[in-house]
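Look at the two complexes coming up: subunit A is in both, with subunit B in one and subunit C in the other.
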Partner chain A sequence: MFLKDYFVTIYKSVGSLLKGMKVTGYYFTHPKEIQTQEYPDNRATLQMFDRFKGEVVMPHDENNEHRCTGCQACEIACPNGTIKIITKQELQPDGKKKKAIDTFVYHLELCTMCNMCVTACPSDAIKMAQTFEHSVYDKRQLKKVLNAPGSKLMEGVE
Partner chain B sequence: MSLLGEPELTEEGEFVINIGPQHPSTHGVLHLKVWLDGETIKKIQPHLGYIHRSIEKMSESLSYRNFIYATSRMDYLSAHINNQACALTVEKGLQIEAPPRAQAIRILMAELTRLSSHQLWWGCTGLDLGAVTPFFYAFRERELIMEIMEETCGARLTQNYSVPGGVMYDVHPNFQNRVKDVMKQVKSRFREYEEALTGNVIFEQRTKGVGYLSAEDAISFGCTGPTARASGVSCDIRKWFPYDGYDKLQFDEIIMTGGDSYTRYMVRMEEMKQSVAIIEQLIDNIPEGDFQAKTKMVIKLPKGEFYQRVETARGELGVYIVSDGAASPYRIKYRSPNFSNLSALSHMATGAKIGDLVAIMATIDLVIPDVDR
Partner chain C sequence: MALFLTISFSSIATGIHTWLAGTMQNEMLVKITEMAIAGISLLLFLVPLCFFLGYMERKVAAFMQIRLGPNRVGPKGSLQIVADTIKLLLKEGLTPTASDKFLFNLAPMIVVVTSMLVMAPIAFAKDFQIWDLSIGVLYVSSVSSIAVIGILMAGWSSYNKYSLLGAMRSGAQIVSYELSVGLSLISIVILTGSLRMSDIVMSQENGWWIFKGHIPVLISFVIFVIASTAEINRAPFDLAEAEQELTAGFHTEYSGMKFAMFLLAEYINLFVVSAIGATLFLGGWMPFHIGHWEAFNHIMDFIPSSLWFFGKTFAIIFIIMQFRWTFPRLRVDQLLTLEWKYLLPISMVNVLFVTVMAIMGWHF
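Let's look at the complex of A and B:
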């Protein structure tokens, strides 16, 4: 009886193995069904989705103007202090003083890509860029200043 | 005597080995101290704390909008469901409800998360038990779901898509077509899954009768999710305490009574099909309207205690917030499913062989960052 069971088990195992091998064999003979991206080689053509959260950027127009008023809503919305905004008082043509940004510091090494700053911004000054591969050899390069040198506030943005 | 007070060596012939924290079958930094008699396990003591990031304490200094992002890092395979649980708790405190469209989107995302989580589990179970090919098949379909997540939420794992009052932004215009496409593919692959692993004699012999957990023990250890449902305990939060409109949907709670590793495997395989059924019911019926209810810029909960439970891919997640009326919580406690499920491991594995421990651990489906938080 024991011997019979032993051989029945072997027979069944071989059967179930062949059943599994049928699935793997199908893919072995149908290489077109394989869905692999050859990643580092397709870097030039790789397109990320338009909502992909790569890093925070501040778009500037052709006159080197941005939309950031320095209200610091993003700094408050950020959960872990990734954004630091240093403001200054700028003299307006009519003699009044107005708050403006001096430097918009963004720590990419701290950022968790939670998108809270972008949704908090009242004037759409910052957005998420679809970049990837952020690794560098020196971590100081990850501390970024988002406003371009010499840039100023776009007119009409309050 | 060691740090925790357990004797290092007890009887002659008995010895202690450490599995982990760097071991391929523990899926993360789980450290198990195993007392052995020959090959038979006498006792297991899990050692925790290797990935403790104090998410609960950290949340006490963050606002009610900001603490949610950290929960994606708890059970990273059901990240969206964790975010949803926190958002629901805050909504409970504010006494508002997300608009119907937001609720439908949340359920769709939660079920996609559950599906992808179970697929990863299926692949890793095969890998742990010596079958390498299922891993690649599972990741092939999981990648399609990850692409849905990436397109709509902007991230693959740590989405941070649920916010108090609804979801962060509306679904991508391409969302419905892509989900329908993926569901068609996923459904056709279930047969492949079953042929490749379920019926395999080697797999059956390694899991059938291994790691038995009775219904009484499952309740007394506080097990939830597929681990408890395989022992015949009805504990699906989606059925018992419906949230976000699960009560309007038609789906079955999978309950089986085997209690062993094979039954836990079968429960998860059936749950995948139920998730597909939920998604197919909802994908054509997403209500029109707002995706986010209006909330104040700074959320302040009234004084009191708020508790909300949800069903993640691994069991019941409870979020407990104590508020003193300020803009950040006074205390947050997460009741995580993996912590309770892990506590049953020693009971299940006692008397089993050391090779069976891998099968038991694989079918409990542990995620260690959720145990430590």
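Let's look at the complex of A and C:
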């Protein structure tokens, strides 16, 4: 009984070792399985994944209109004070005043890409971009204003 | 082309010998000059070999892990190892204050010299051998065990707990696995009836031992590859330098060129072990011959003997490298269980089978 177990152990372990070597041998003989992306060389064709979060951007349409109502939900949601929204009172055509954004300040150097501002936004005004080459020599260049100059709120977004 | 095929390593060696004997009258002087030439050419062979093995290891590792490996320095990254060597040469060779300075500086030399000494009886090509001594196999197995003294010395003199632990592990490992290596070498010695390397190669003229010796020799070849992987401290048996537990084991305190010496010795050992395995089990420089198929054997003879030797050696090196990048490291108790409960009893029974086979003449 003992001898049987002994040889069964040897047989099984040799089998499992050969199985492992088959896997590495397969990868060695099939270079097309290689996952490495040669980054600076393939910059032109580089495809980032959808789930990759590089920085917060505010999309504008062709009429230079954005969807941000200035509700400051993102500013409250942000855990480390990355977003600062400065609002102003805009005069509507019917004479009423309405709250609108003046500047949407985004501090990239503080951002941890946690995505909480995007989930908090009720009107889908901001989203995460896939850019990642953010390095600059001066820290001040990382403070960004997300709303384009002269832009205004899109019609129908409350 | 025909001229190229007729020139062999042995004819170059004989040519140099004749020329030296003609120019120098003193026979002693001729011997000394030849020894110097052999030593220098061995060094000139080993350094590029270690560069190549380092490059090969990194590329093999990369491809097995679905990576690309070094590909920036030189074409396909082939000069990466040269750059690394230059970096090591320029680094400071630090000696810790509390260490035993004499032993600390002596240890890397002993390790390198030991691994170079084992190169002596290896037949690189037909009639091309540094020293064809009559106890070749015994010499190899005894000299290679001196390396453990160098490792213990390095661990002890470093005055560092990790170094000491690594050295102690290495001592236990090398002492145990030497038994299996010895017993698997003995099975070939029994079949050949000689310890001389050239006799062992010539005995495989009608077929390599791995084919002629049936299953027992196949088993001893497998045991040889496993046990010698353990003996040269390579993964999965790299407990001596297990970097997750012991930072770098016995060479934790070494830097610069002294560290490079350990690296050099590791790759020379890898080559030596594979060359010994290729000589004993796969016929060394002997071309692939099948019994009395004269025509087939003659065609095989056209491939130079050095190519046969290096092809077989690098095949074994590749297998050992594949071990490293496939298997996880063993624990100390698993390591000793494998040797004392599995490899040693199996190889002892195996030697018995080989002896019966040799006495009854059941091999080809």
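By definition in this document, the second predicted complex is superposed on the first by the 123 of 158 C-alpha atoms of A that agree within 3 Å, B and C clash if a C-alpha of one lies under 4 Å from a C-alpha of the other, contacts with A are read in each partner's own complex, and residues count from 1 in each chain.
Here is the rule we use: a contact is a pair of C-beta atoms (placed from the backbone, for glycine too) under 8 Å apart; a residue touches a chain by one contact, two chains touch by 3 or more.
Owing to the predicted nature of the structure, the values given are computational and were not obtained by experimental measurement.
Of the two partner chains placed by the overlay, neither subunit B nor subunit C lies in contact with A:131. Residue contacts after overlaying the shared chain place A:25 against subunit C, while subunit B stays out of touching range. Of the two partner chains, neither subunit B nor subunit C is touched by A:42.
Set against each other, subunit B and subunit C differ in how many residues of subunit A they touch, and the higher count belongs to B. Using the contact criterion defined above for the overlaid structures, shared-chain residue A:141 touches neither subunit B nor subunit C, since it reaches no partner.
In the superposition on chain A, A:89 makes contact with neither subunit B nor subunit C. By the touch criterion defined above, A:17 lies against subunit B and subunit C together after alignment on the C-alpha atoms of chain A.
In the superposition on chain A, the residues of subunit A contacting both subunit B and subunit C are 17, 20, 23-24, 35. The touching residues of subunit A, when paired with subunit B in their complex, are 9, 12-13, 16-17, 19-20, 22-24, 35, 48-49, 51-53, 77-79, 112-116, 119, 128. Residues 10, 17, 20-21, 23-25, 27-28, 31, 33-36, 38 of subunit A touch subunit C in their complex.
On the subunit C side of its complex with subunit A, the touching residues are 60, 63-68, 71, 322-323, 325-327, 342, 346.
Across the complex, subunit A is touched by residues 62, 65-67, 69-70, 133, 137, 140, 143, 147, 150-155, 158, 160, 163, 168-169, 172, 192, 195-197, 199-202 of subunit B.
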